[in-house]
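Chain lettering (A, B, C, D, E and F) follows the sequence in which the chains are written, and residue indices restart at 1 in each chain.
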Amino acid sequence: MRRPITLFTGQWADLPLETLAKKAKGWGFDGLELACWGDHFQVDQALESDGYLRAKHDLLNGLGLRCLAISNHLVGQCTCDPIDSRHQAILPGRIWGDGDPEGVRQRAAEEMKATARAARLFGVDVVNGFTGSSVWGKFYFFPPTPQTHIDTGYQEFAKRWLPILNVFQEQQVKFALEVHPTEIAYDIITAQRTLKAIHYHPSFGFNFDPSHFIHQFINPIFFIEDFKDRLFHVHVKDARVQMDGRTSILASHLDFGDHRRGWDFVSPGRGGVEWDQIIRALNRINYQGPLSIEWEDSGMDREWGAPEALAMVRQQDFAPSSLAFDTPFANENDS
Amino acid sequence: MRRPITLFTGQWADLPLETLAKKAKGWGFDGLELACWGDHFQVDQALESDGYLRAKHDLLNGLGLRCLAISNHLVGQCTCDPIDSRHQAILPGRIWGDGDPEGVRQRAAEEMKATARAARLFGVDVVNGFTGSSVWGKFYFFPPTPQTHIDTGYQEFAKRWLPILNVFQEQQVKFALEVHPTEIAYDIITAQRTLKAIHYHPSFGFNFDPSHFIHQFINPIFFIEDFKDRLFHVHVKDARVQMDGRTSILASHLDFGDHRRGWDFVSPGRGGVEWDQIIRALNRINYQGPLSIEWEDSGMDREWGAPEALAMVRQQDFAPSSLAFDTPFANENDS
Amino acid sequence: MRRPITLFTGQWADLPLETLAKKAKGWGFDGLELACWGDHFQVDQALESDGYLRAKHDLLNGLGLRCLAISNHLVGQCTCDPIDSRHQAILPGRIWGDGDPEGVRQRAAEEMKATARAARLFGVDVVNGFTGSSVWGKFYFFPPTPQTHIDTGYQEFAKRWLPILNVFQEQQVKFALEVHPTEIAYDIITAQRTLKAIHYHPSFGFNFDPSHFIHQFINPIFFIEDFKDRLFHVHVKDARVQMDGRTSILASHLDFGDHRRGWDFVSPGRGGVEWDQIIRALNRINYQGPLSIEWEDSGMDREWGAPEALAMVRQQDFAPSSLAFDTPFANENDS
Amino acid sequence: MRRPITLFTGQWADLPLETLAKKAKGWGFDGLELACWGDHFQVDQALESDGYLRAKHDLLNGLGLRCLAISNHLVGQCTCDPIDSRHQAILPGRIWGDGDPEGVRQRAAEEMKATARAARLFGVDVVNGFTGSSVWGKFYFFPPTPQTHIDTGYQEFAKRWLPILNVFQEQQVKFALEVHPTEIAYDIITAQRTLKAIHYHPSFGFNFDPSHFIHQFINPIFFIEDFKDRLFHVHVKDARVQMDGRTSILASHLDFGDHRRGWDFVSPGRGGVEWDQIIRALNRINYQGPLSIEWEDSGMDREWGAPEALAMVRQQDFAPSSLAFDTPFANENDS
Amino acid sequence: MRRPITLFTGQWADLPLETLAKKAKGWGFDGLELACWGDHFQVDQALESDGYLRAKHDLLNGLGLRCLAISNHLVGQCTCDPIDSRHQAILPGRIWGDGDPEGVRQRAAEEMKATARAARLFGVDVVNGFTGSSVWGKFYFFPPTPQTHIDTGYQEFAKRWLPILNVFQEQQVKFALEVHPTEIAYDIITAQRTLKAIHYHPSFGFNFDPSHFIHQFINPIFFIEDFKDRLFHVHVKDARVQMDGRTSILASHLDFGDHRRGWDFVSPGRGGVEWDQIIRALNRINYQGPLSIEWEDSGMDREWGAPEALAMVRQQDFAPSSLAFDTPFANENDS
Amino acid sequence: MRRPITLFTGQWADLPLETLAKKAKGWGFDGLELACWGDHFQVDQALESDGYLRAKHDLLNGLGLRCLAISNHLVGQCTCDPIDSRHQAILPGRIWGDGDPEGVRQRAAEEMKATARAARLFGVDVVNGFTGSSVWGKFYFFPPTPQTHIDTGYQEFAKRWLPILNVFQEQQVKFALEVHPTEIAYDIITAQRTLKAIHYHPSFGFNFDPSHFIHQFINPIFFIEDFKDRLFHVHVKDARVQMDGRTSILASHLDFGDHRRGWDFVSPGRGGVEWDQIIRALNRINYQGPLSIEWEDSGMDREWGAPEALAMVRQQDFAPSSLAFDTPFANENDS
């Protein structure tokens, strides 16, 4: 059985969902992972209006598309971050409010609880997202940064997120953190530290996205193996390291898409992710959820790229073997 | 003529200067680059007390050691940084004061001016140091970070540092920023942006330290070539990238010295810096200042390491050729 | 002219030949390389029953499939090996008999002669297979292993196989050893030693299979060039080295398909074999026989993999050039 | 908008143009880059006979093929080279004449002027070609070769080519030198020296062909970036470095196609050129001209290779993005 | 405190111990790891004769040399191996006896118990050695080799060695297996399997020798980390992988020292072992035992090589740091 | 027994021999390889004046220096080259004469015969040198260069050099060509072609210099193995490939010492030559002649570099082993 291949709508939120859904259907996708921004999946309306979710369902069903996860990265980011003007640009006004940092964080936390409830109502079991972090920006330890300073960041995360996760648990919805720089967990070691900080809360796990490991030089396979029971969702996204002696892996304060950066995101299949290895690892841990293409490549037209990425995944998502190596050698035909 | 090889005293500030100076002499160093912390070079006392600098001179001269630069990284860091509790640990109480961030930054700026004056009084032409940065921590552009946001950081740096640099110019002392993550310039591109922000102020240049480029995968030679007229001082320091598929180049919020980090500092000659190439490049640009060993290796006893590093530099700091390739082939002996 | 692309049936012997042949036809193969196990090609029945071979012919011809080689790896392995319980599992009862090692080896040798005769009757010119080895298991020279000890192994091989090869010669059939660890020849140097041991018997050559060289870090092209006159058959099979600092190239006593092994077989095109280079080398030596896919990949469903591999070979098996580089530049149109 | 993909006819000049044009059309090419040898584009006839160009137009138009450039490498080569017997083989008799070197060079120069005129008459804006060089063969500086010796070569080039380029300018046609060993420019540095020698004549630029940089270990992207305003045409051609410890990058006086060479040309997509990166760089500089496949691979049948290469380019020539990274995150839907 | 650097005498057993001990002293070694062959340390005489051990002590003490371990690889090898003629060459006649395999194995087992007793009498706490293996030679799983087959080998090892280890425990001596191909444990995974088979017997651990991991492409650091509590002894030995496309990592049945092998042992410091990393790892786990040079290099005179290796180790065995990174930055001088 | 380490005087010919000889003695060299230019070894004077050679002998003997080879690269170069103004700068006037190319070549040929005679008189058995080549400059086969064209160059070489070699044979002196770009042989394949052209004349062999292979990416070990019977002399010289994406391996018409070249010569031990491997190969073929340092590094003072290189060679020129691997394991002490 093939895994469903979905398209994450986050990078297309400038388009109305209906427009995008028709395109995705035309390209051959099996479903959509709806972003909680643009008009794709509005948490407040989902909870307030009976007809809202029904209309979404009708739209997707009418096209034969499934929705297996929704995603609220932007609001999640604001639950733990030191808030500044950049956050205003990614939040609805009702959450930004007067922009007082602590108020923003608390409203964002409430919205994440609401997102769990909306997911349940929509019949979706997984919410992907970000968490932000109060200590991310201090990852290079100068001025000297004692571990107690970092510990405080993880404690604050736990304090803010345990109540949210309890709502997820009530709603029987999983929260899947996309492990990513700028988040409380951005690699294998910080993912372990994060789990420990929340006492391995059963509703918390990960949205595996290998693109964020490539530029950190982490083997994504190790993440799959180390967190096999916490892999709630998978993003298909790719990144490329482009070193030439002048480019910095820290990206030099340059925009995505600037070729002088030391790394960038590229259309899946054109970067450093070894998809064959990813599929084998997912087969080993028996992951059966969707493969959701998060398409981002500042150097390629997205309507060219999305179907290319879909074709790549279709070619890679092979079935595991059901035979042992030596079955065909057995001499059972002998009498 | 060999370049003088000095020892930067910053990593030895827990020792009284007299103790350290005798050790350095015993190992064979030509001089010291004095740190403005510990009792090594105290800016306030240098300016206030006639005898302070004379005593320092006598101590060094008595041992036959030279001082070609002083360094005030810790105070410099506090001129532009968002101030938090980590900064208190690296500042004298008179600068920290009540810890109000803007007050700290302004007192730090005044101290940097004072450092220029103290350097002049001590007969030293170069002050090395850091600047901090209000935008460093936002180097990964999520939440989406527009260039205007980054520009603001560079403008603020210019506003704070132009007055400082004017004092340096009056005193005929150069400020040499050690290009380094956490600073306003951390690679080639941000160094260019920094120079532009201060309109190429003639008193501002760089303390070249290749160790900070290794883990960014930048070729240090390119830095030398691109900023040959701004290379005011050179640090001999090394770093090693240690990737194994689990370690992250971002270092996972782990302390220096933890082997699970993706990179770390190591004793010069044991890391990724190609010193032969560095020396050739310094020869090409005719750099004639000191080679100052900044010794830092969390896995090695420093008293083992410092003389080892000195021996390495002595072996590497060769003289350039003064002959053209074909001189010996000329047939001048012919008649 | 394109080379025929066949499927080796050894890894499908749990299926009746008829079932497999129909699948292979459906995928687009040109023919089958029949394994002498399962019901695919039974040597005893081929020699005993008039109708057996005719039925095989009819089956293949009816589907438009060719048979250009048969293969008897399992019996061949038992001609020189120290026999233990593992051999019982791969032999028909009539050859295993009471399991006395020397008796098994002699019956296996007779069966290889019979295989030559059956091939001739079936109109096939090449038999692929293994030979086993009495010294393979001592490849690491501890306890100290003198060359005389190894020489004995090669002499024993010659003594057992020269009579077999004489039968092959009478029947005008070639024996093609698949060079492979566990065999008398497993690399370039042991292949040379093997040929020398049998005085370059004209009926003995090789079934070239690059997958067995990849994990030995041998360039398969060199094998093609060194044995160009002895290349009687070609297997298309691939392998992948998967080193991460913990995996051993010796595979740690782990089963095929265990990802902790240092190497494994993978579907052709997904491993370390550079097929473009293989085809160019085969073109240079003018190899015109089949390209026979031996499909083995413990991580992929074989019915997914076989057609994928076939498509890869079709894309790679390009024709050589018939023009010299400078032909089109000649100025013959000039008058 | 997709760039037109054309086929350079130089490697097919043994075929009549009509034959080739029909093949190219059948494979799906958008047009042809006509070589000025064979019967493809004869400069003398183009200038002498009214009907010649009309007939070419009719042939191409009839097939729906465009001609965006013509190429005169062979004659161009003879304008600066030391002439020997090899040049006779690539020149029409009317230019070779009595073979006196200086006479050949002067007649070749006149022919290049004529080529500009013929291009204008044919409605083509770009002429690709070579220039030869009087100093190429002395690239290894033994016997000791002073820069004055090399300078003389560049001055001679300028003296011969400025009059030619003035004719190009009158005709409003560009000359695009294919940067290539054996030419006055063969890498980035010699391309700069070439431009300087002719005072940056506006009619002179480059036909970018990455295959000539691969075996020099030059990153083709750097050429695109450094000469973005001089990139008048693009060849799609590939090369492979094939080092094994015995092969020399200087190719050992071996013919193209001999596998013992250290490098060779291969069908586009099978060599060392990273086409994805090339396309991104061409997008960045907004190159809108043709991608012209110069197909050359001594190990592959050209009729197999040309459509393969075309398919590769079609897959790679993607459109750039028209959206900024953060557009879809904007919260404009908020009220 | 520096670790003692000793010389393993196994490769020098053709010399009388007295001769060797004087050489070793002259080169500057701190002690010897005595081999239980030649006249270096004879287990039977040690147990039978009062004066034997006293004479050894006097010899070593007289030269100021220490003995911190003895080694009995050759006899140990014979406890589990399938015995053949090669074993006769490495065993004393009293253990070989009539050469009946099972008899040899049992006498070898008794000798290992005696070795523990002799070590205790000599005041030595560690015995290094080999174990052999009944399944090593079947490491490539063809004929198909089920895990049950391999399990049998580990069970046999446990049955033979648990009684031996009990004697070691009584004597308060540790047995340190040198993990090595041909042994029951040859990599990380088989070392784990071995420990499990003997229920983690406290007297069993490892003699860490990185040279045996280099040609398996295993990172020796991982072995140190995974078995930090079982590292009873350390060998300084080096190996080099020498691939050229023709050499096989399996070594082609060629003798050590034949340059056509894919790998070989070389003098420490000239191979693939990164000693700086080894020392840091040993520092981390606080290993305080000897660094014992096992010198083996078939291409170098051993009397040239041993002092070279000693000098390399002296340079590498640096002390760990006792300071935290940020100690010198603390502002304690502030008042 | 250690090989003598000599200094080639060619790069020091601007110094009087006496000055240089004293320096070399002071640095610890065992002897000198005298260049036939400057005043080091003047062929005409050696043949004309009785006292000339005696004075040279006395100078060297007085310092305890040996002379094991003389070298005449510059004159040799002019025997086959197309002669131009560069050659005048490297020839004495009596050979250059009127500069007519053929006259120069013939006088150079006579001088090489004279060099053999002078070597004999001086008691030296080997003359190193160059030959030049009439076809070197055409190594890139455009314009299309048929093999017949290249063959002509090798035939011309044979015609010119066979008479010279006959004189060498009469004098019982060997000529050792330094395989080098610009010569008739510049790699393994052209060295084979050269030997064949002169019918394997017994007086012709090679001066092995690995530096000329590094930038061609040839493994120098292969040269040693392929020409083991023709290795008459060894140069210790090193080269470094310095690729950064802009630098060309063809060196861009830039002078030695320009860091923008793709490769350059560097002091032995600082480049790409693996000296440990070279020594092992020389040991294998039992080369017993001198190791002669040809010191050339445009970025380093030669008086710094020569003793550094000498120290490197002393450390590398180890003796081979005289013991088989298993000698120390033999149980001969058993009774």
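Everything that follows uses one rule, which is that a contact is a pair of C-beta atoms (placed from the backbone, for glycine too) under 8 Å apart; a residue touches a chain by one contact, two chains touch by 3 or more.
Note that the structure is predicted; figures quoted are calculated from it, not measured.
Most remote chain with respect to chain D, judged by CA-atom centres, is E. Within the list E-F, C-F or A-B, C-D finds its counterpart interface, over half of the contact pairs alike by residue number, in E-F. Of the two interfaces, C-E and B-C, the higher number of touching C-beta pairs belongs to C-E. In this assembly, A is the chain whose CA centroid lies farthest from the centroid of chain F. Here chain D and chain F face each other with the same set of residues for the most part; over half of the interface numbers are shared between them.
Inter-chain centre distance (chain A to chain C, centres taken as mean C-alpha positions): 46 Å. Separating the centre of chain A from that of chain E, both taken as means of CA atoms, is a distance of 49 Å. Those residues of chain A in touch with two or more other chains are numbered 74, 89-90, 141, 144, 146, 219, 221, 244-245, 255-256, 325-326, 329.
Against chain E, the residues of chain F that register as touching in their complex are 219, 276, 280-281, 283-284, 318-323, 325-331, 333-335. Remark: chain B residues 10-14, 37-39, 42, 74, 89-94, 244, 255-257, 259, 266, 270, 296-302, 304-305, 308 touch chain E in the complex. Within the complex formed with chain F, the chain D residues making contact are 74, 77, 81, 85-87, 89-90, 135-147, 149-150, 180-182, 186-190, 193, 215-219, 221-222, 243, 245-256, 260, 262.
For chain B in complex with chain D, the residues that touch the partner chain are 141, 144, 146, 325-326, 329.
Residues 244-245 of chain F are the ones touching chain A in the complex.
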